[in-house]
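Same chain, two partners: chain A is paired with chain B first, then with chain C.
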Partner chain A sequence: MNGQDVVVIGAGHNGLVAAALLARSGLRVAVVDGRTEPGGCLVTEELWPGYLVDTGTTRAVGLDPDVVRELEIDGAVDLIRPEIPVAALSGDAGADGSHGGGALLFHRDPEVTARNIARFSARDAARWPAFLEAVENAGRVLRVLYREVPLVPAGIRRTGLRHLIGAGVRLRRVGKKEALETTRMLPMSMEELLAEWFESDIVAGSLAAEGVAGITLGPLGGATALGLLHGAACGRSPAGSQWRVRGGMARLAAVLAERATTAGAELVTGSPVAEVLISDGAAAGVRLVAGGEIAARAVLSCAGPRHTLLNLVDPAQLPPDLARSAANIRCRGSLATLAIALDGLSATGDPALDAAFQSGTTVRAAPSINYVERAYDAAKYGGFSQSPVVDATLVTGPDPSLAPPGMHLLSVSAQYFPHGALEPDRARETATQAVLGVLERWMPGLHDRIRHVGVFMPEDFEARFGMTGGDTQHGELALDQWFFMRPAGSCAQYRTPVPGLYLGGAGSHPGPGITGRPGMMAAKAVLADQRTGGSQNHGRRSRKYIQDCILL
Partner chain B sequence: MSIRGDHDAVIVGGGHNGLVSAAYLARAGLKVLVLERRHLVGGAAVTQEVFPGFRYSVASYVVSLLRPEIIRDLRLPEHGLDILPLESTLTPLPGGDSLARWSDPDQTRREIARWSPRDADAYADFSRCMYKLAWALKPLLSTVPPNPLRPGVRDAKTIRELARAVRGLDEADFERLFKLTTMSAADFLSEWFETGPLIATMSASGIIGTFAGPRTPGTAYVLLHHYLGEIDGVFRAWGFARGGNGAVSESIASAARSLGAEIRTSAPVEQVITSGGRARGVVLEGGEEIGARVVLSGLDPKRTFLQLLDQSDLPGEFVKSIQRFRIRGSSGKVNLALSELPRFTCLAGAGGSLTRTPGEAETLLRGAISISPSVDYLERAYDDAKYGRFSRRPFMDIVIPSMIDPTMAPPGKHVMSVFVQYAPFALDGGWNRVKRDAFGDAVIDTLAEFAPGLRDIILHRQVMTPLDMQQQMGLTEGNIFHGELTLQQLFLFRPVTGWANFRTPVRGYYQCGSGAHPGGGVCGAPGRLAALEVLRDLKVRRGRS
Partner chain C sequence: MSNLPDRSGVSAALPTPLHSRTGPLCRTSNWRRWSGFLAADSYEPSHHREYHAVRAAAALFDISPLFKYRLTGPGARALADRMLTRDVTRLATGRVLYSPWCDARGKIRDDGTLQRLGEDDYRLTSAQPTLGWITDLARGLDVSVSDESEGTAALALQGPLSWKVLAAAGARAIGSPRYFGLTRAPLGGVETWISRTGYTGDLGYELWMPADGACAVWDTLIEAGRDFGIAPAGLAALDIARIEAALPLVHTDYVPAHEALIGAQRSSPFEMGLGWAVDLDKPAFVGKEALRAETGEPPRWRFCGIAIDWDSLERVFWRAGLPPLLPHGAVRSSAPLFHKSRQVGYASSRTWSPVLKSYIGLAHIEASHGPVGTNLEMQITVEHRPARVGVRVVKTPFFNPRRKRATPA
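And then the complex of A and B:
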């Protein structure tokens, strides 16, 4: 096992993508993970006999098209893409319990969605197509940035205008007006962005929930539009496309693991890493908790950047500025997921909603922007939302294999339940009550149908997947933790100031969303350095970057 | 159509920016006329004797950002401008303790060290860092934002100069600058400090005039915007104007007049006259028409474009952009006449971990007093406003100008100026007299928690809601900055992408108010830059020595 070219820390989707690409390029690669199965949070467990539960990621999978192509994943897993991705409950699901106006069904066909919106506001319906176009344009602009290794401040400083022109030229192909408009949209709050388009509570509320999914900010918070635009850049529509993997997320993990091992990468599971070995100031391998070391010329960590830089590396080996930046990476998890086993379904009195729900549509309780903001208010002071924002999907609808015959499995993600607010048992209990309270309002009688409930709090994400603070994004997706600031200025090009140590998880550019792109781009950075003899010279890198810009 | 007069430039609105424009245009030899709706000039920077013997800076109350080049070019000190320094900020805390910051760094250091020696060190580093970043940003204040849609040669030069300024920063500072423009004030400060009250009271300058709480991303920039004023130490630019903020406006008006500008008060402009896509003059309420080669508006963007112009004069896209421009009022003002100095618990030596000497206590009353005891306190104040209520326990920034300038109040008596946030313009059910009084009561009740006995010494009370500011000062929604200082409304985007260079889609019509770059505060930069652009377009050489 010793004498690897690269050790990849973490066998999550990014780690596996990186390992597969590195191994295919002829490098000797070992992937080390503390969990017994590869896949990180792409994990499906038989939580109760006959029930297959995605106990990590339950939300959308948006694998990057380049990753899909390079690893030939197309067709390897069966993606479930409901015709109606989201059904938004109207009315104040928090206060009076009604969803009086019925549910708003966001259809994959924009025209159908517009017709559905017209029931709530003719003006909003008329604006829906243009809104989709505006968001898609912004998505296209961001995709230009996401395909690139981000320009780091050092680059801007050293190469100045030429750099900016290079970026400008590439953006210009998308459209200067679109690029500027995206720049204007990025610092906006979801509320501000949506107020420019929509007047009805339900449209704004359900879209706002999409923007703040996974972060600990409300839709009135600045730059929360980034969440929506980031989703668009990762191929998700504004209302959310809840793509799931038939048979459970672990199927995708298995495919990625197979790609890595077939290419020759060695998978070392059940072996948490204790430390990144550093010799003569450069990364030289890893030491395992169980004892034993794996020597390597390079270490690529796909674990969270905070964990990697503060826990796995001896702080004395880091420049003080980087140690401080790492400690300042905001990891504030407040997302909880629930798996609820049901022995039957009750009708809600809305046949269209019932039909959608049973075909795998995500039912969303976020009836207005203020509802979502109020849910966040509690978290702001370190408490739990009493009326949380809830996304509930009947995963057995389109995929009955996930539960015993006749039984159902409801997968719920809800926020805000901030990490560390309550002691674990009480946290689980309180969150469950809050979520069931919301669910019960549109699905009366749900309570009596429940067989089992599994709850996963931010603390569980931290304990099970090593996500610092329970933050599923490996560092909140916020403007100051985005692009060349992700995870920190000096590490934004996947290299760190420690020669031979690379970062390539969701904490790196372009960030979260099960895209595999950070892993892919990090692998390319490792490969480029291996070919050029492990250059860590910023100046040379900048020059190379200029060449790239000119060639592009 | 009979158009009277033959002015080169007519300026709508005699606020400080309009007056600055007038002075610069007159200085270049143009025939300039300023038209002010009210009976006095100054807009939101006015001093009024609201109660006999008590004079107030009714709205804007401190001088922070007034550009030194304006003070110099217009020789404002010769026209009566005298800025008295603000020496300290006191933050009373529950339980009788307090946190004070002084202009003397050593004293501040000792004070903060009471809470955390680490923060005392960090405070000095922080100040240095902000100073450096403010220096880097300072050129922006005198830069005309380029038009990114159709950049000209000059725009390219501007971009190059900005790139050079950025390159002057080292990597760590560049990152900090980026963080400042994108983070929340509370998060940004938490990266530096651990003392709760220090973070809270410093984050308060990130929310002033902004409809956002200290935990809202983007507020860190407002922090820096307020820091920009502190860097011109030689001009002692962070302080009070002797005679109140009206004296600032008066000095600019006096300079403008001495340079030949005409200023007419009680002359409300109804509309800008246009023909053939060009501004030709203005028409006053009552029908009087005044012709001019160019018209400048110092009003906020909503009024400048949607009220003074006919919408058909503007492209539809542009109108839409102005309509969505955010200008939410979030603050109010309470002006008190006091029979004696208020007694703050934290200065009386009762409770807390520290007793201040009487001398120290008096000095602190001469400075600012900030009711911002914790970030949660500020956030809760914001929560009220989010849902359409005024803060039950608001953030307050208080000064007692009569401590420094005794002419503001009768002997032995005092005026107290209380800037209050949050008071949303869009109050649930709207503002009326009852709600204004209730708002005033909330302010006094909260203040009395820190200064018991305050109620007994109040002789008069003036409460200004955002609606009052809209009605009296013509500030749309009562927004003190003519539009929120959020990243998407700054520089290139202020007020509309492509029209940040003080020009408008109507030729000969210019914007010179705070709704233009670089934004609000008694800064004067928009007025000056707009005037210089007008001169450039009219091909008038600068200055008339």
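And then the complex of A and C:
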């Protein structure tokens, strides 16, 4: 095991993607993870006999096409993509429980969706195709940036002029107008952006909920439009077209792990890392909590940047400015997931909604922008949403194998239940009651059908997956924690000021969403340095890094 | 406009704990602002008597505006060692060391002294507010950092008779601490830390006491010093003395790295003649990698002493029909230095040295022109016109009496 070229910390999807690519390039790679199974938060557990529950990530934006191509993932897992990704419940579910207008079904076919929207607003329906186009244009602009190592404005020397010009040309190809429009949209709040397009509460509320999923901000918060645009860049349509894996997310983890091991990478699971070893100012391997060290010429951490920089690296080895930046990375988890086992389903009185629900459509309780913002208000002052934003998906609809015959499994993600607000048991209880309260209004009688409930709070994400603050994004996706500022200026290009130490998890560009892109890009940075002998050339290299990083 | 807070009664500079003593003495009202506090530039219309007290008797300076930080706990030593470029681990209790400290690029942020008051108890002085930087560096260490800048007053007693004054004031029994030593004694009933340090290059002491006891210590020293010609002295005298001692002044001789606007404004310890204060053998400290890399390259700058040639000074003034005009005190503005037609550096401080009878300066000079004995030219202004006078690179400190390091009995 000793004498690796690269040790990858974290066998999550990014770590596995990176390990596979590095091993394929002929490097000796070990992937070290504290969990017993590879996959990180791509994990499926038999919570109760016969029930297979995704206890980490419940749905994903989707692997990056380049990752899929390079690792030949296509066809290796069976993806579930419902025809109707989202059904938005209308009416102020928080106030009177009525869903007067019925549900709005967002279909993968925009024309069908427009027809559905027309029931709420003819004007909004007419605008739907143009809105989709505008968001997709922004997605195309961001995709240009997402495909590249982020350009660091103050470090053009480091970024390389050719690189800069190349990105400029590609941006130009997308369109100057589109690039400018994207720049205008980025700092907007979801509310501001949506107000330019839609008048009906339900359309705006549902889209707003999509934009703020996973962050601790409401749709009136500055630059929350980023969530929507980031999704678009990662190939998600505004109303949500996330996918699941038939058989559970662990199937994808298994495929990624297989790609890594087949390429020659060694998986070291059940071995949490205690420390990144630094010798002579450069990363030299890792020390395990259980004792023992793995020596390596480079260390690529796909753990969260805060955890890596503040807990795994001796603070004396970091430039003080970077230590401060790392401590300032906002990691505020407030997303909870629930797995609810049901012994039957009751009809809601809306046959179209029931049909969609039973085929795997995510039913969303976010009937207006104000509803979502009010849900956030509680978290803003450190409390729990009483009427949370809820996404509920009957995962056994399209995939009955996830529960015993005749039984059903409902997968719920809900916010806002901020990390640390309540003592853990009370937090679980309070969140469960709030979520069930919302679901019950939509599906009366649900309560009597419940066999089991599993709740995963931000504290659980932190304890189980090492996500600082329970933030599933490894640092909230916000405009100031994005692009060349993700995770911090001096680490934005996957390299850190410590020679031989790299960051390549969701906390690095382009960020969260189970895309695998950060891992892939980080692996390329490691490879480039190994080829040029970067890590053997500490002195000169580090000096340049240090110079550049202070420029930021 | 009416919404603006009324600040008519708010002073732009605060009194130090000694203001009730220094205020009435400062008959010139010649105050400077020092870190937001009122500091006398000179108490008398001319600073000469105050300067000569430093070199011939004993001068008493109020240096309370210095920033002072207390580092306590098991991690205090590691914190200081992580921050300063010198090896702190060898500093014994009751000793003081001078050191610069750098940013991660190995450029100087500030310099100051570190006193080891006890096993896990240190006091760091700095010219600039440094609490944020220290706190950042304390991450992961079991140490408590407190800012005692306002709670602790400080006096500098400097000059050949300073020990006699201190002994008469009550420190005789404990004896003088050795050069860069530290001890404690009650002065005027106030428990006072006494360090054998200073910023004048003379025999001298710096005294550290609780702010509310500062006046009692001052009164005791003034009383005890009456027979020894003690004089309260201001910054004008101090500035001349520190140039004679070749001690750099932040913001004048170097720009703190974190305030520099462009790279060229930053200096490394090597470029400031402080290479002796950089210990590359100790474990990681801020700026180590960059400093180590710098040792592999020939230095670009040297921080040198220069002496201005009197004959050429006389000549350029003679051409304008004037006798040589000397600056009244230390000059804190930059003057370009030339080798033939090319600029090779600049003098950052200069002064007429009354004790040496010589016009001297501290200068940043390109390394190739830095050796002692090199002749250059300095541009000055004579009757509103630029003129060049000859200067020679000389050894520093300009004034280096044996008593600077002595331990008087």
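Throughout what follows, the second predicted complex is superposed on the first by the 519 of 552 C-alpha atoms of A that agree within 3 Å, B and C clash if a C-alpha of one lies under 4 Å from a C-alpha of the other, contacts with A are read in each partner's own complex, and residues count from 1 in each chain.
The rule we apply is simple: a contact is a pair of C-beta atoms (placed from the backbone, for glycine too) under 8 Å apart; a residue touches a chain by one contact, two chains touch by 3 or more.
Just so it is clear, the structure is predicted and the values come from calculations on it, not from any experiment.
Q: Please work out whether A:R184 is in contact with chain B alone, chain C alone, both, or neither, and reply first, second, both or neither.
A: first
Q: Does chain B (first) or chain C (second) touch A:P497, or do both, or does neither?
A: Only chain C; A:P497 stays clear of chain B.
Q: Have a look at where A:G445 lands relative to chain B and chain C in the superposition and call it first, second, both or neither.
A: Touch partners of A:G445: none, neither chain B nor chain C.
Q: When the two structures are laid over each other on chain A, which of chain B and chain C touches more residues of chain A?
A: After superposing on chain A, more of chain A is contacted by B.
Q: Output check: A:K176 vs chain B and chain C. Expected answer is one of first, second, both, neither. What do you get?
A: first
Q: Just chain B (first), just chain C (second), both, or neither: which does A:G281 touch?
A: second
Q: Between chain B (first) and chain C (second), which, if any, makes contact with A:Q317: first, second, both or neither?
A: The second partner, chain C, only.
Q: Is there a shared patch on chain A that both chain B and chain C touch, and which residues make it up?
A: 321, 324
Q: So in the complex, the part of chain A that touches chain C is made up of which residues?
A: It is residues 278, 281, 310, 314-317, 319-324, 327, 497, 538-540, 542-543, 546-547, 549-550 of chain A that touch chain C.
Q: Note which residues of chain C are touching chain A in the complex, please.
A: 78, 82, 103-106, 133, 136-137, 139-141, 283-286, 288-290, 292-293, 296
Q: Give every residue of chain B touching chain A within the complex, in rising order.
A: My answer: residues 148-149, 159-160, 163-164, 166-167, 169-172, 174-175, 178-179, 182-184, 187, 191, 212, 215-219, 324, 326, 376, 379, 383, 386-387, 486-488, 492-493, 497.
Q: Provide the residue numbers of chain A that touch chain B in the complex, in ascending order.
A: The touching residues are 153-154, 156-158, 160-161, 164, 176-177, 180-181, 183-189, 192, 195-196, 217, 220-224, 321, 324-325, 328, 330, 370, 373, 377, 380-381, 478-480, 485, 488-490.
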